[in-house]
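Here is the structure we will look at, set down as structure tokens.
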Amino acid sequence: MADHQYGARRRSVVKGALAAGVSAPALWTLLSACGTKTSSSATVKIPSPTTPVTWPMSKVNEAIAAGQKPKAGTTLRIYNYADYLSPRVLKDFEEKYGVNIRLSTFNDADEALTKVASKQLKFDLYFPSYDSLGKLIGADLLRPLTHDYLTNYDNLWSSFRDPWYDRGARYTVPYTIYSTGIGWRTDMVPDDIAGMDNPYDVFWDTTYAGKMAILDDWHTAMSMVLLRNGIHDINSTKQSDLDLIRTQLLDLRKTMHPKVTISMYTDMPAGQYGLCQMWSGDAINTPYYLPKSVSPSVMRYWFPPDGKGEVDNDLVVLLAQGENPVAAHFFINEILDNSVAAKNFGFTGYQPPLNKFTPSTLVSDGYLPQNLATAVVEEKDFKVGFPLLQLPPASDAAWHQVWQEFKAGG
Amino acid sequence: MRSPVAWWRNPWRKPWVLGAVTVGYLLWSLLPVLVAVLFSFNAGRSRVTWQGFSMRWYYGDPLRSVWHDGSLHTALTHTLWLGVLATAITIPLGVAMALGLDRWRGRVPAGANLAVLMSFVLPEILIAVSLLFVATVLVSPLKLGTSGQVLGLVTFQLSYPVVIVRARLLTIGRDYEEAAIDLGASPFGAVRRVLLKMLLPAIFASAVLVFADVIDDFIIVRYLSGDSSTEPVSVKVYNTARAAPTPALNALTTLLLAASLVAVAVGFLAYRWFTRGEKGRSLDVFAGEA
Amino acid sequence: MARADGRRQPPGSRLIWPLLAIPGTVWLALLFVAPLYVVVAILFGGTDPILREPVPVWNPLDWDFAQFTYVWDHIVGSQPFFRPALVRTVLYVTIATLLCLLIAYPVAYFTARFAGRWRGPLLAALIAPFWISYMMRMLAWVNLLQTDGLVNRTLSAGGLLDVHVNWLQGHATTVVLGLAYGYVPYMILPLYAGLDRAPTAMLEAARDLGASRWETFRRVTWPLSQTAVVVSLLVTALPMLGDYFTNDLLSGSPSTSMIGNLINNSVLTPGQTGQAGAFVLIILVVSVIPMVLYVRSTRSGADVMS
């Protein structure tokens, strides 16, 4: 009896498998009726400080008319990193204009780009860096800015008002400036990292195995390996450079067991580890997250004294898919305002490139303690330092493959 | 006094070891949660150091408390709404399917059976990734956001009521239905008036299980989420825990726990009311017993 | 038309059953079966040149096997850097599942046999974790396992020792224990249901005949609970295969990544989405084997409930 039932069950499973197998290809004819997204086929321009780019005005997305006011009761959708906009600034904007702000966050730039490209989420503002600008404009995702709304625009440093990655500032407004260096706590790391010949070597020093972290950003982490070896072209397309990165990065993973994250600004103050690759804004932010029992004087940040390290700025762009471009312009203008930017800076720790915030007075104005003065980015750093640029598609794929191998664990 | 060896060997002694293991397990299982609930009332920003009692993270803090921070209380309401929607669709669909598949023979129901079995057994990430592809790569009615999340959740949960109700159907057998038909009821009437009433505990149990599973779901709702207004509590906790969490997160999860307890209490009371006067009802049905 | 037991069936009633089952069947066909084909079409498709988003290819004759070959080569080829994650997944899931069994069996047994009047509250306490969000339980452990958290403080025995283990940085132990903690409630209930059904009379007979507790367990209880054990092992192990968030929360390091992490890292990365499809199909194929086991173990009709 049990055998008969078993046989009957097995036969029905086999029948079912046949039915499913026959129906699947039939379904694909149905599926091909569902369209797929069409993609743009223009070639991509890659801006760099030596080859500035003026982007063409979009034929598809027009700039909005000037002179409008944001409508109360509407929603403004912002897409940004976590903890990268002060909640106080958002609340103040909401109260001032009666607009409801909805902030969505992403963990890494790749994921963000995919969600933005799907166009389903209708974000108004997005905070990328210039390394994805070519892709965003090439795929017609951005709306040109209407500068009539940006009355605070001249608060920006003059060198940022007409940047090399967007001549004429048609699509972008600078948001923050930062450098990438090494952060550590003197109470957990006895070595004098700043005094070393090659401070980047400390990331391979097994004394700190299991007690350090690197940034969860493929380009930032991999460029650090190049800088360790004295290679200044951090956007290299050479295979030999990539092989070097691969060897040393895998060696780092095997011997050091690093944490790979972007939460250094909370983890290091909490004592999770004492040494990490760090963005300057996170370093400036650490005193806020330190427990009361630990003095902010233990925090340190190192950036190459000759200025030959990674220096970048983030931007804010207006997405064409958004439904509230007027409020979006008002928001951009708001964060260019000096007092609002000060509040934002106080929360995020990332410098705004505005005239009122002269790097030389940041310490004396009390924004950060003296021991973190090296985390301040100056205007001249941008002449000497290296920005992270967009890579050509083949190189981009190759670099991502190495990063994928790294993240797969060994 | 008997020797320890004799005590150990006595087959009729009380099961102290098993009892101790059970108590130990309960403590291991529930204590961390109690600690998390405790720290939601912390006066300071730490989640590990007690700094005094305060309701700051529930409604006190004007920026970051659950009451004032839109993304936090939206997560809570969205979670409960997903639970209600998904359960309301899954249960009728699943019960009907259980009834139909039990009696229908042929290739198509065999294929449907296989599909139910596969969706029951396969890891959730399969459904999540495949539906994410449909939502983002194809131009289809499936969109990121609440609608996509509900569609994905129902697909994933559909096998639960089918399996549970079919098990109960097997135990009930055909006798009652055939008696009703012999007494003059139509086949549909027999189902409606006799069978469904007898299936009520199993339907209830599956509704409870589906609701609990949906409000706890992570993979599907994360991949199919839209902007922050469609992030349920599980996604919010995951995103915030990897950035800079405050005790507001503990407060949010405590509130969800409270909402679940209310739902359980309501469900339990409703179950007792529906099955009043019946013999043999017990909590066993929620453990999957027929 | 006569049925097997000889009763007549009223005419026109046979339509009701297909009608009831069709909505659910159509739902599963459209939202479960068809999307699996979309995964295949993306895996064997291409990518758009600018954003490197996936472009699916529907016709099997036009399929491009490059992405699949890339994944396959890096599992079994000369540079198998995906293989460690797959091996780790099997290892972690096996150890965590066995750990769950070790914990769940005594608890389920106690509840089924010895709970007496405490059975109701005990069952409620065992069902409770289902109502406590998985994320909340993991978050609770993240808080406890921080370097200045309660675990280290307790282990330091109030200042006697100085325990500063960094539990949350790339330790396989933490991830396996986390998986066990998270999934053990899924195992207890099916085990309890199965053990509850085992006839008490047999156990008492064994004891009456002089068997010790251990012998009773080994020769009577354990064989009787085989089906329940197999079912609960599957119900616990299979969801663990797709887990990636436990690893993300309890260990920020690539050294403990599982196949779920491979999928999660590549599914939204431009140019690597097709590879995510490959990993998804690997999980599908690997899960079919336990599924066959599950069908065989639940072949008797009364045991179809898991």
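Order of writing sets the labels: A, B and C. Residues in every chain begin at 1.
Here is the rule we go by: a contact is a pair of C-beta atoms (placed from the backbone, for glycine too) under 8 Å apart; a residue touches a chain by one contact, two chains touch by 3 or more.
Small disclaimer: the values here were computed from a predicted structure and weren't measured.
Novice: Starting from the Cα centroid of chain C, hunt down the chain whose centroid lies farthest away.
Specialist: Centroid comparison gives A as the farthest chain from chain C.
Novice: When B-C is set beside A-C, which has more C-beta pairs in contact?
Specialist: Answer to which pair has more contacts is B-C.
Novice: What whole-Å value do you get for the distance between chain A and chain C if each is reduced to the mean of its CA atoms?
Specialist: Distance between chain centres: 34 Å.
Novice: Let me have the rounded angstrom distance from the C-alpha centre of chain B over to the C-alpha centre of chain C, please.
Specialist: About 15 Å, centre to centre.
Novice: Two-or-more-chain contact residues of chain A, please, as numbers and ranges.
Specialist: 13, 20, 23, 31, 36-37, 114, 261, 291
Novice: Where does chain C touch two or more other chains at once, residue-wise?
Specialist: 29, 33, 36, 38, 53, 55-56, 146, 148, 252, 295, 301
Novice: If a residue has to touch 2 or more other chains to count, which residues of chain B qualify?
Specialist: In chain B, residues 49, 108, 111-112, 115, 117, 137-138, 242, 245 touch at least two other chains, as defined above.
Novice: Write out the stretch or stretches of chain C touching chain B in their complex.
Specialist: The contact residues of chain C facing chain B are 7, 10, 13, 16-25, 27-29, 31-33, 35-36, 38-39, 42, 53-56, 103, 106-107, 109-111, 113-114, 119-120, 122-144, 146, 148-150, 181, 184-185, 189-190, 192-193, 196, 207, 211-213, 216, 234, 238-239, 241-242, 244-245, 248-249, 252, 260, 263, 267, 273, 276-277, 280, 283-284, 287, 290-291, 294-295, 301-302, 304-306.
Novice: Note which residues of chain A are touching chain C in the complex, please.
Specialist: Against chain C, chain A makes touches at 2, 5-6, 9-10, 13, 20, 23-25, 27-28, 30-32, 36-37, 39-42, 44, 110-111, 113-115, 117, 135, 138-139, 210-211, 213, 253, 257-261, 270-273, 291, 393, 396-397, 400, 404-410.
Novice: Touching chain A in the complex: which residues of chain B?
Specialist: On the chain B side, the touching residues are 46, 49, 62-64, 69-71, 107-108, 110-115, 117, 135-140, 143-145, 226-229, 231, 239-240, 242-245.
Novice: Inside the complex, what are the residues of chain B that reach chain C?
Specialist: Its residues touching chain C are 9, 11-12, 14-15, 18-19, 21-22, 25-26, 28-30, 32-33, 35-36, 39, 47-49, 93-94, 96-97, 99-104, 108-109, 111-112, 115-119, 121-127, 129-134, 137-138, 142, 151-152, 154-155, 158, 162-164, 166-167, 170-171, 178, 181, 186-188, 191, 209, 212-213, 215-216, 218-219, 223, 233-234, 237-238, 241-242, 245, 249-250, 253, 256-257, 260-261, 263-264, 282-284, 286-290.
Novice: Under the touch definition given earlier, write down the residues of chain C that touch chain A in their complex.
Specialist: So the residues of chain C touching chain A come out as 29, 33-34, 36-38, 41, 48-53, 55-56, 58-60, 74, 81-82, 84-85, 88, 146-148, 166, 168-170, 252-257, 261-262, 265-266, 268-272, 275, 295-296, 299-301.
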